[in-house]
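Two complexes are shown next, each including chain A; its partner changes from chain B in the first to chain C in the second.
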Partner chain A sequence: MAGKSGREISAVPENGLKSKILSWEGALVLILIAVNILGVSISPNYTANNVFREMPRYLAETFMLFGMGYILVLGDIDISVGALVCLSGTIAVLASNAGAPFILTVLICLLVGLLGGMLNGIIATKFTELPTMIVTLGTQIIFRGIAEVLFETWGNGGGTASMADTKGLMLLAKRIGPFPIAFFCVIIVGAVMITILAKTTFGRKIYAIGSNKTAAYYAGIEVERIRFICYSILGLLAGVCALFLLTATFGSNTTTGQGFEMEVIAMCVFGGIATTGGKGNLIGGFIAAFIIVCLRIALGQRNINTQLILVIIGLMLIVSVLVPSISSALAARKKKRSA
Partner chain B sequence: MKKKSIGQFLSESREISLVVVLVILLVVIGIINPSFLSFTNIRQIFLNNTLTFLMALGMLCVMLTAGIDISITSTLAFAGMSIGLLQKYDVIHNTFLLFVIGMLIGIVCGFLNGLIISKGKVAPIICTMGFMYIWRGMAYVISNNNWASGMDVAGFSDFGKDGAPGPYIILVIAYIIFFIVMKWTRFGRKIYAVGSNTEAARVSGINVDRTLISVYTIMGFLAGLAGVLSVSIYASAQPNMQYGKEMDVIAACVIGGVSMSGGRGSVVGTFLGALIIAIISKALPMINVPNFWQNLIKGIIILAVVLLNVITQRTMERQNLLRREM
Partner chain C sequence: MAEDLILELNGITKIFPGVKALNSVHFQLRRGEVHALMGENGAGKSTFIKVITGVHAAEEGKMFLEGREVHFKGPKDAQEAGIAAVYQHPTSYPTLSVTENIFMGHEDIKNGMIQWRSMNTKAQALLDSLDADFKPTDEVGALTIAQQQMVEIAKALSTNAKIIILDEPTAALTTNESEKLYEIVEKLRDEGRSIIFISHRFEDMYRLASRVTVFRDSQYIGTYDVNEISNADLIKAMVGREITDMYPKEDITPGEEIFRVEGMTRTGYFKDVSFDVKAGEIIGLTGLVGAGRTETIESVCGITKPDAGRVFLEGRELSIKKPEDAMKAGIILLPEDRQKQGLILSWGLGRNVTLPIQEELANKWFNDEKKEWQVSKERLEEVDTKAVTIFQPASSLSGGNQQKVVVAKALAQSNMKVVIMDEPTKGIDVGAKKEIYEIMGDLAKKGYGIIMISSEMPEIIGMCDRIFVMCNGKISGCLSREEVNQERILELSMEKGSTTEGGAAS
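Showing the complex of A and B:
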């Protein structure tokens, strides 16, 4: 079934609490709880207040998760978004330094993201013969290339650009109660994106395209239009990501956003979306994002070599994609023994 | 035989069109700055891009099986960091032994990739993405964020210093071996078979899993070798070395006409693709284009090459259809 997670842990029939816990999302929630228990036990500073205070820095890339989920369900991939974050952040910084008011800066940031996504969309839909990985590999280098040229021509040189007027950004970095604004935004964007994918015809069409593009085309679905829209959405979200990243860094440099695309894809896959398309939902990815954010904060507080997080992310990714193969192999062995 | 138009002739063989592009590039650059074509400069182009040239061979094999490996630069960093640390802490200083250790690490990394992709039925991009994180993280963890500096690797770096023949010899040997293996041996043809049609290959008795495992192991081996060479050429080892450069390797293959859906591509094409990327990055400063334009121009060229390829193929198909109607 399309809406369910692409990953099954057990063959329990779909009813009751047991199947809910044994679903992939259930397992992810348990992991999230475990990570938080771990955080509390290894660090005395791991309190809710501190976690929410440190969250915005890590939360920015979560926005792109939802757009990337759409793209992966389509059966496509987009590896240009990390560079797009760099580009939109850079142009926003330069616009602000050139005297643009804050609102305009925000709009420019989002607009650059949207345009970048649309460019991906146009190439991907006009040249359907090309794997989207190649297309976005090309645009990835171009986006970062433009940013690099901008740094040297209008930025502070040396591959950096920093914002002079940070008043507006400070406003965005504020907190409402214990929750940072970024947290609310992630929840809202996430809720909207999850609902669209799960409950609307638009979302169902994405699954249809991901499962069988030709069949979807003959069923009257405007395949290329929907793909174009999905790329544009992801681009826009890259702009949002750039904006919230700016509230933590107040500037951008040549390495801004580097590797974000892979992290976002990793979160999606860890959350149960299959890269072959048509399978999985965003809820899992959403939980996975928080698992990684909490883990980062916990490890960061303990001053453990922060790069250890890379090993953990990699291991989680590989183990999670191996689960279906292992469980089916175990089931086959069990069957053989009982036969 | 019917006479062919120039367009047809060019679009028929990717290698020939690449050679044409290359000649045009060289002529234009050579006119603007004749010193570009000097022996020293050409030698440096190869030295600076040894790693890309080397790993592109492995990436060719992987992409021929319709796979992809984005963990290579992490494997490189892990292998390079390991041998860097072995020297830093005065464990081993024997160049030969260090090479063997680096290559062994690469082989193990590659073998794990192949095992999980073939036996675990995991998508190559996801599996290698996982190992991309793991090996890069391991490089940081084992080094504890330290570097191995030029002092630490003194002696070992003689192998790859500017002017030493080592890297060139390795490159030439690697390309000769791969050219022969991919063209004339059973193993090479098996790789093509698996990439063009996995099911047909399986039915005709090819052990697909074993082919996949060996392909990723070869890739890992080359990445490990590249890691050792990297320490030797740049005379230092850092955990973040060559970060993100796997995309350059993939881009070299793509420009060289290697298809991402498998089964199409050649060693010569890969070499030309890698050479074009290498020349662009070296030539820009020499023809008075500031270095920060490099990525933008590189990206545009990559995109232009693949889009042009699609367009020529489309026009060719349309012409073929027209001819059939008459």
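Showing the complex of A and C:
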């Protein structure tokens, strides 16, 4: 039964180089270049070698960006991961101080993150009527609370825990050529996570759930299973973040990871992911992360107050969210004028 | 003017993008009468009501209120002119009190303070006049649908409405509740108010209305005295065409049984529902709103969990726990609400079509987009979708074409054996309806088992080999194509007694 009217429907996508360059990701690349030019012009120390040397401590939270991207595309949110970083790092430090070999310490750090993410996933998928903001606000308080109990009981006093044996961590902080190991890890994890979201059936399901959860369910997608997996991935990446954070701090304290969740959400939104779900991709967030890292290094070298960076990130975030509405308003005005 | 007309509309035309929802229709309402407005779904009744209440502005036509021409810019104008509407599902504020709902928008205010005591007293007086069994301070969300409708009527009275429009008020009510509503309507009429009553139920019309106006396919067909028109003539006015033209149902000798449901039960929704389909057969599942049809099918397809019941496909029992299980077995559901359940409106047509089969087409874990484009293009052309490209969003299509995309999505699932269509023609125009029927006919010819859920009797009668009628969560009868007619369906849809248990509103 071919179409009775013989009407043809085109199956050729309209995409050209032009639309790629004009996209938001293109704009972000330009901003990244501009930030680097700014860095070079304001600081004589802003060289490739120095940037890579200083990068690891800023790079750690970038790992979580990818997991958070999945959660936001699902239309959910997870604000517990900053506290989870603190908990993972703290338990890893205490395990190491209790005599665990380095490999075991690493595994414990990742495992605590994974379990924390799975806990979020279980609550969010078993009690679907709860808003995930509230679920993860609850677990945020729990995670940080457990960490504080641990500081009290086994820490070095004053809400801190320092790692006694740092040989293993020093190994992770090494560089291969000019590039720190953390940089390679971010690139690899980022490439895998971006590809999964953009190219696989799993990624397509995430978009389907974020766009219309009911229709996705009716189309045979195991909505709650996918959500659970995404929360678990984000938890695991919080563990990775905690590990790389330790390579710069060699310990943890009550403020470790504070605000990370919001910065990571900000990077995602800056990169073009809508918090309402179903829209955006991780490439933009990836570039946005490097924009912020480079900006931090450049301003840090000039000893510009580190709090100022927050003001700048906040401003960039608001502008990036405004861009679509500004451009559509301009387009509407143009249309009106020509009509 | 010889007659005492309170409201008159002449030559009203309303155009929505792609659809003429009203084509030069007329309407006259006398003071103190109950006037029924009837017609099939999609005939334009609701749009017409929205023109009267100022929600829509008509492109053409004039409206006279007590002889003076009026132009409503919005619902507020209509309200101030004394027109109020009560809908099937009350559009109230469920978390607020009865008083707050009644006086929403015209609260008693003195010195900038809301006068709760006087409002509550007034609300109590209104409720007393309606013989209501709840208090002004009750929360509206905790009331039954019938009670919520009373709140809406009280709200209409509080604005001293002269014209009250009731849009399918009895559809979600039990027989007892309907009777109470009839009494209220008669009381309002005796007080000199004029009432427009929309309903699909003939009994409502015979019980209440003195005159009836019929719309069909967005056009005015005529106005009749209820006592002077026979039921058959009225149906002909509503349906208008020879039913056989509209429904291309061929005589196919059904093959062996392909699908059987036994003893489906979900407490509070439906009880002991059994039916079967043969290859090449179209069966209908009908009944009033709230009879439990959609709920039954959702349990069959694994969307909700039944308390009991067995499902057999080609003689083998299936264990269906989630939607995926039903789909893998070849039982494909076209859900009732295509915009919420059937499609992802922001996605391109192609992606929608291949969503359930993306893993089949994929190369290991990776989407094979070229293959997806090809498959979706073929399926969308097969059902003759009016679209330019497979990349345009589903939201850009009309309702009928959106439904075709849902059909294309089902057809793309090559393992399909049984197709279940829940209200497949709801809200789509006559042309697209006919195309959907043709697709159904073709699928039957190819030997699929087809289940159609529908409230529209003409399509049930026109397309189905056998018709299962549901009433209050139970199958109340099965009619063959030879013995079926509207009266028999209605008889089975309506409960004999007057009490209700089991059935819940959908």
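Observations on the structure shown:
Please note the rule applied: the second predicted complex is superposed on the first by the 322 of 339 C-alpha atoms of A that agree within 3 Å, B and C clash if a C-alpha of one lies under 4 Å from a C-alpha of the other, contacts with A are read in each partner's own complex, and residues count from 1 in each chain.
Here is the rule we use: contacts are C-beta pairs under 8 Å (C-beta built on N, C-alpha and C of every residue); 3 or more make two chains touch, one makes a residue touch a chain.
This structure is a prediction, so every number in the text was calculated from the model and none was measured.
Taking chain A as the reference chain, the count of touched residues is higher for B when chain B and chain C are set side by side. In the overlay built on the shared chain, the residue A:Asn49 is in contact with neither chain B nor chain C.
Look at A:Gln140: by the touch rule set out above, it reaches chain B but stays clear of chain C.
Judged by the touch definition given at the top, the superposed model places A:Glu222 against chain C, while chain B stays out of reach. When both complexes are overlaid on chain A, the residue A:Thr214 reaches chain C alone and has no touch with chain B.
By the touch criterion stated above, A:Arg204 is placed in contact with chain C alone, chain B being left untouched. The intersection of chain A residues touching chain B with those touching chain C, taken from the two complexes, is empty. Residues 68, 70, 116, 119-123, 125-127, 129-138, 140-141, 144-145, 239, 243-244, 247, 250-251, 254, 260-261, 290, 292-300, 302-303, 306-307, 310, 313 of chain B are the ones touching chain A in the complex.
Listing the residues of chain A that touch chain C in their complex gives 1-5, 7-14, 196, 199-202, 204, 208, 211-212, 214-222, 278-279. Interface residues of chain A, counted against chain B in their complex, comprise 77, 79, 123, 127, 129-131, 133-135, 137-146, 148-149, 151-152, 159, 258-259, 262, 265-266, 269, 274-276, 305, 307-315, 317-318, 321-322, 325-326. Interface residues of chain C facing chain A in the complex, by the touch rule stated above, are 303, 322-324, 327-328, 333, 335, 340-347, 349-351, 355-356, 358-359, 362, 365-367, 373-374, 376-377, 380-391, 409, 442.
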